[in-house]
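The same subunit A turns up in both complexes below, where it pairs with subunit B and then with subunit C.
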Partner chain A sequence: MAVSNLDLLNKFRPHKVYKRNWFVGLFNFFVLAVFWFAIIYGATSITTILFAKILPELLIQYGLFPLAQITFFLAPIAAIMVLIPANATFLVLNERKILALLTVRYGTNRVGPDGFLQTLADAVKLLFKEDNIPGGADKVLFSLAPVVFFAPGVIAFIPLLSVATGNSGPFIMCDLSIGILFILAVSSIPVIGLVLGGWASNNKYSLMGGLRSAAQAISYEIPMVLTVISVILLTGSINLMEINDGQVGGILNWNIFAFGNLPLLLHLFPLGTGSIVGLYGLAFLIISFILFFIYIISAIAEVNRIPFDLPEAESELVSGYNTEFTGMKFALFFLAEYTALFIICLLASVLFLGGGHLPCSVETEMAILNSLSNAHIAGDVYDFGWILPSMVLMIKAYVLIFCSVWVRATLPRLRYDQLLAFSWKYLIPFSLVNIFVVAILVSIK
Partner chain B sequence: MNLLTKTIDGCYNIFRGLFTVFKHIARNPITSAYPDVVPELYPQTRHRLALTVNPDTGEHLCIACKQCERICPDTCITVIGDPEKKGTIKDFYLDHGLCMFCGLCTEVCPTNCIINTVDFEMSEYTREDLIYDIDRLTLTQEQSRFYFDFKEMPKPRPKPEKKPAPVQTQTEAPKPQPAASARGGEKKS
Partner chain C sequence: MTSQVIQIAIFTAVGFILGGVLLTLSLAIQKIFGISNPTKVKKESYECGMKAFHDTFIQYDVKYYLFALIFIIFDVEFVFLVPWAVIFDIAANKTFLIIEAFIFVFILVLGLIYAWGKGVLEFD
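Our next item is the complex of A and B:
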């Protein structure tokens, strides 16, 4: 006690200057994105190579041919299982960083350099947390709910992998001929997980959240599916790879710009005999924009994001369906939520924004692809052709995710009756009319 | 038609809101990173109380006049003067758990001895640790000099060496003793 422990804050304290301006913030965000993309790509490709090449060769050496085949065919699932956690950790961090930028804050900057490892620390914490099951909860369903919520996300990824890698290596078997239908069918299962979790945790808030999510998912699934049906009508295929390849060659060939009918607009300009054809193209353009926006709105509602996050409205229900979940179960819920968002954004970029194709001419893209797929490294020829489409698709998806975070930073949550009324009174009739118009337009052709 | 105008109006407003939020990306953060950066506090901020010494001679400035003890609304100050020598302090107890940082004691102090510092981090594990004695309250010479400059207080002159009338000290000496002990007893219980 003899020593006076008063320190003069302004004078004797180490004064670390921490003034960030917005440019440094954006630059840090860019560095963060590159860093995490490297982690995601590195982990996923190492796993894929391990499962598709190294392990089968080892097994063949020991004469275990069926096992080698099984490991080869398991490669896409292994890749997804690595991709999803790595990607979700980045998605959470990405979202928090963007929100900090948009709401004029410093954001995550505690763990690691400028908060780069924050979500990694969160994940480690969640994994080591006690797995607590509340008294009165239905133990079986309580444990089953996160799995039911998470597993469809993994399965729904499969057709997207073929698009993302351009049908190379072991991913060629992911190219399902019913891609979109598969994704839509599988991604409607997670609602059961939410309702199960809400019911099994024996908590009024969880139950409310589960019920809300059921109603919301049913209401918003319909406009989403109707828009996707319109897209199927317009592109004439339910194979994601075909839809993807139909948009090759420049930004104007993307589906959001009139589904490849943009040149028809040229007939409009000398108004006269050909203007009917031009109007036809204009109708396509308007329809495609409307389709895109309906899809985005209903997709955001489908994955329970703000402003449609009524199942986990933290100002009304404590945390909605995942109030009682801790530890790994909560982590699974969290993971599945962000994976659903990622899948939705990937699907949007495949259906409307040109998928894995660069916004440039076919020749340039083919040149890049050729140089990548015949890469000479240390005397051997490697096929890195999968990098280009996956990178392009990733970036497009992340742009859409940025938009969803941007919407989150802007709009307040809807009231429950507004939410349902918006779907049933406006979106569904509107998309029904839309599909009718699309059918007429397609049949005129 | 009403529906159409409403839709267009709503879309316009939503996009305007989105644009407004987007503009905020190009702004510097307005929150402060507190543990890393200590906020720049003003001289008039009222935080932890402390006793200054004469920055030139290192002499304690308290003259044990007990005006701060008398004016304190929370009765958190206990001044114990030296019974042998008038005008010098023997002990000084200040309970920061009771203090409400009104700053009345600093206003009333004739020698600018008790001041509000800019140190606001004084969390402790027990309440008893918040009762500061004279050793923890008294600033060093360097710190006192800083505060005299910071708050632009007049520099104290050195104390006069001799005090006349030693009779008064003897008469007044017994008085503070019971009061101080009573106060001290209250605090500990």
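Our next item is the complex of A and C:
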């Protein structure tokens, strides 16, 4: 029997090196994820029902009609305010657990069964931590920066909610006709928060972190928006709901597979005069893959994640822009960062991966939807048709988040000049050319 | 159209207000239940071992500013390209649209090439 490295290590080391079956770890993580999903879903839907149904009815009983209307109108925002902290709490745990799995460790396993409540404990700790403002800091801007960083995450969520719930109940007012433009516009505001936080804390590390993050975020926003413009060219809409509904009916209708031009590939064989149409479809397929990868790269860079996490490179900048922040201000930065990642992944799944639609035929999906919702109270919050699209969208986003954590566990950090050069010298010219290739392809349809 | 503008304005305002309220509330909780023990050392800004010898409200590299300048040009470009992209699918004369957008983007790309040649994109 061969002696493995692990056995050798165990022989000479005082501490036992634990072998962990990766499958058991993965299974444990899966169970944990299911429980957290239940918590997130339960909390969000209870809040929504409270704000959209129970409170307005109560207020109308007491004759306060305008107040009831306001409560109904605020239901999506209340839902977001519950969803974002709950979701970010799980996202942090999720990331630590996946990183542990990928680097063969246990990860968090102290608070709760298998570390189930670890991040909740962290959140409570952060809430009661001393709020320290360093001397010489600009006090107003220092307190304002976390809010400026956090609020856009809340706002950018709104158009995504209409997709996630299939425009049902109180969420119908979230459906903006300029959805994508709104999200892109709002999600570039957090940079101001980073620069403010970095500048106001009177710390060189923070200042460098803030400046770096500003330069990086604006550099990678350009290829990202250019990619989205290509998607708009191909789908002909800036309404998220329309893009989402254009991808209904099976995995092959998803935008990542040639933007609905996949059937053209059938003309490729047998080779002959007809195969030009097939080549045309192939061009669409290649373009859609390129667009997806440019989007993912620039999105990961935009939310400052490894391998693009230069603003908070701990080996050179301590913690970047949030070095001086403590307690709840730091927590808000943390929360907003993970929310930004979640929004980016949600947007990627809406734009490319079929959004809230199941990878099955329209009839099957409609059957599932009808079994979930009660026809006699359609349009109501108790109409549970929204569960399906939101669940599907959430799972797709979490698959993308898993990939981003995988990237984090795999790749080292870039050098700063390489980082900016990659955007300005490769991604931007490439995506500019891409727009015209897409335009020409669409025009010869 | 107007209702959408109002909607966006309300959502934006409520988002910022809620962010502020969340921070204020949690700071209040911290004030009531948490500890607060500010000392002289704690109030110093973080430095690796040494005392920080002056504040950071100083001049910094002009490179960041130049990046921001080029970015603004491209950012304005998006605003004009988005409506172009939306109507492209339904437009009759697509060749004209492509040539038009090409000239528009080409002028901006000339600016990028100029900046590239001047060494703005090099970080040292």
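The rule is simple: the second predicted complex is superposed on the first by the 417 of 445 C-alpha atoms of A that agree within 3 Å, B and C clash if a C-alpha of one lies under 4 Å from a C-alpha of the other, contacts with A are read in each partner's own complex, and residues count from 1 in each chain.
Simple rule for what comes next: a residue touches a chain if its C-beta (ideal position, glycine included) is under 8 Å from a C-beta of that chain, and two chains touch if they have at least 3 such contacts.
Just so we're clear, the structure is a prediction, and the values are computed from it rather than from any experiment.
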In the overlaid three-chain picture, which partner chain does A:42 touch, first (subunit B) or second (subunit C), both, or neither? neither
In the superposed arrangement, which partner chain does A:409 touch: subunit B (first), subunit C (second), both, or neither? first
Can you tell me whether subunit B or subunit C touches more residues on subunit A? C
One more residue to check, A:101. First (subunit B), second (subunit C), both or neither? first
Contact-wise, after the overlay, does A:77 reach subunit B, subunit C, both or neither (first, second, both, neither)? second
In their complex, what parts of subunit B are in touch with subunit A? 14, 17-18, 20-22, 24-31, 33, 36-38, 40-41, 48, 50, 117-121, 133, 135-136, 138-140, 143, 146-147
Can you check the complex and tell me which residues of subunit A touch subunit B? 1-11, 13, 15-22, 25-26, 100-107, 109, 406-407, 409-411
Touching residues on subunit C, where the partner in the complex is subunit A: 4, 7-8, 10-12, 14-16, 18-20, 22-23, 26-27, 29-31, 33-38, 42-48, 52, 55-57, 60-61, 63-64, 67-68, 70-71, 74-75, 78, 81-82, 85-86, 88-90, 94-95, 97-98, 101-102, 105, 109, 112, 116, 121-124
State the interface residues of subunit A toward subunit C in the complex, per the touch definition above. 73-74, 77, 81, 127-137, 143, 146-148, 150-152, 154-155, 158, 173, 176-178, 181-182, 184, 186, 199, 201-207, 211, 214-215, 218-219, 221-222, 225-226, 229-230, 232-233, 236-238, 318, 323-324, 327-329, 331-332, 416-417, 420-421, 424-425, 428-429, 432, 435-436, 439-440, 442-443
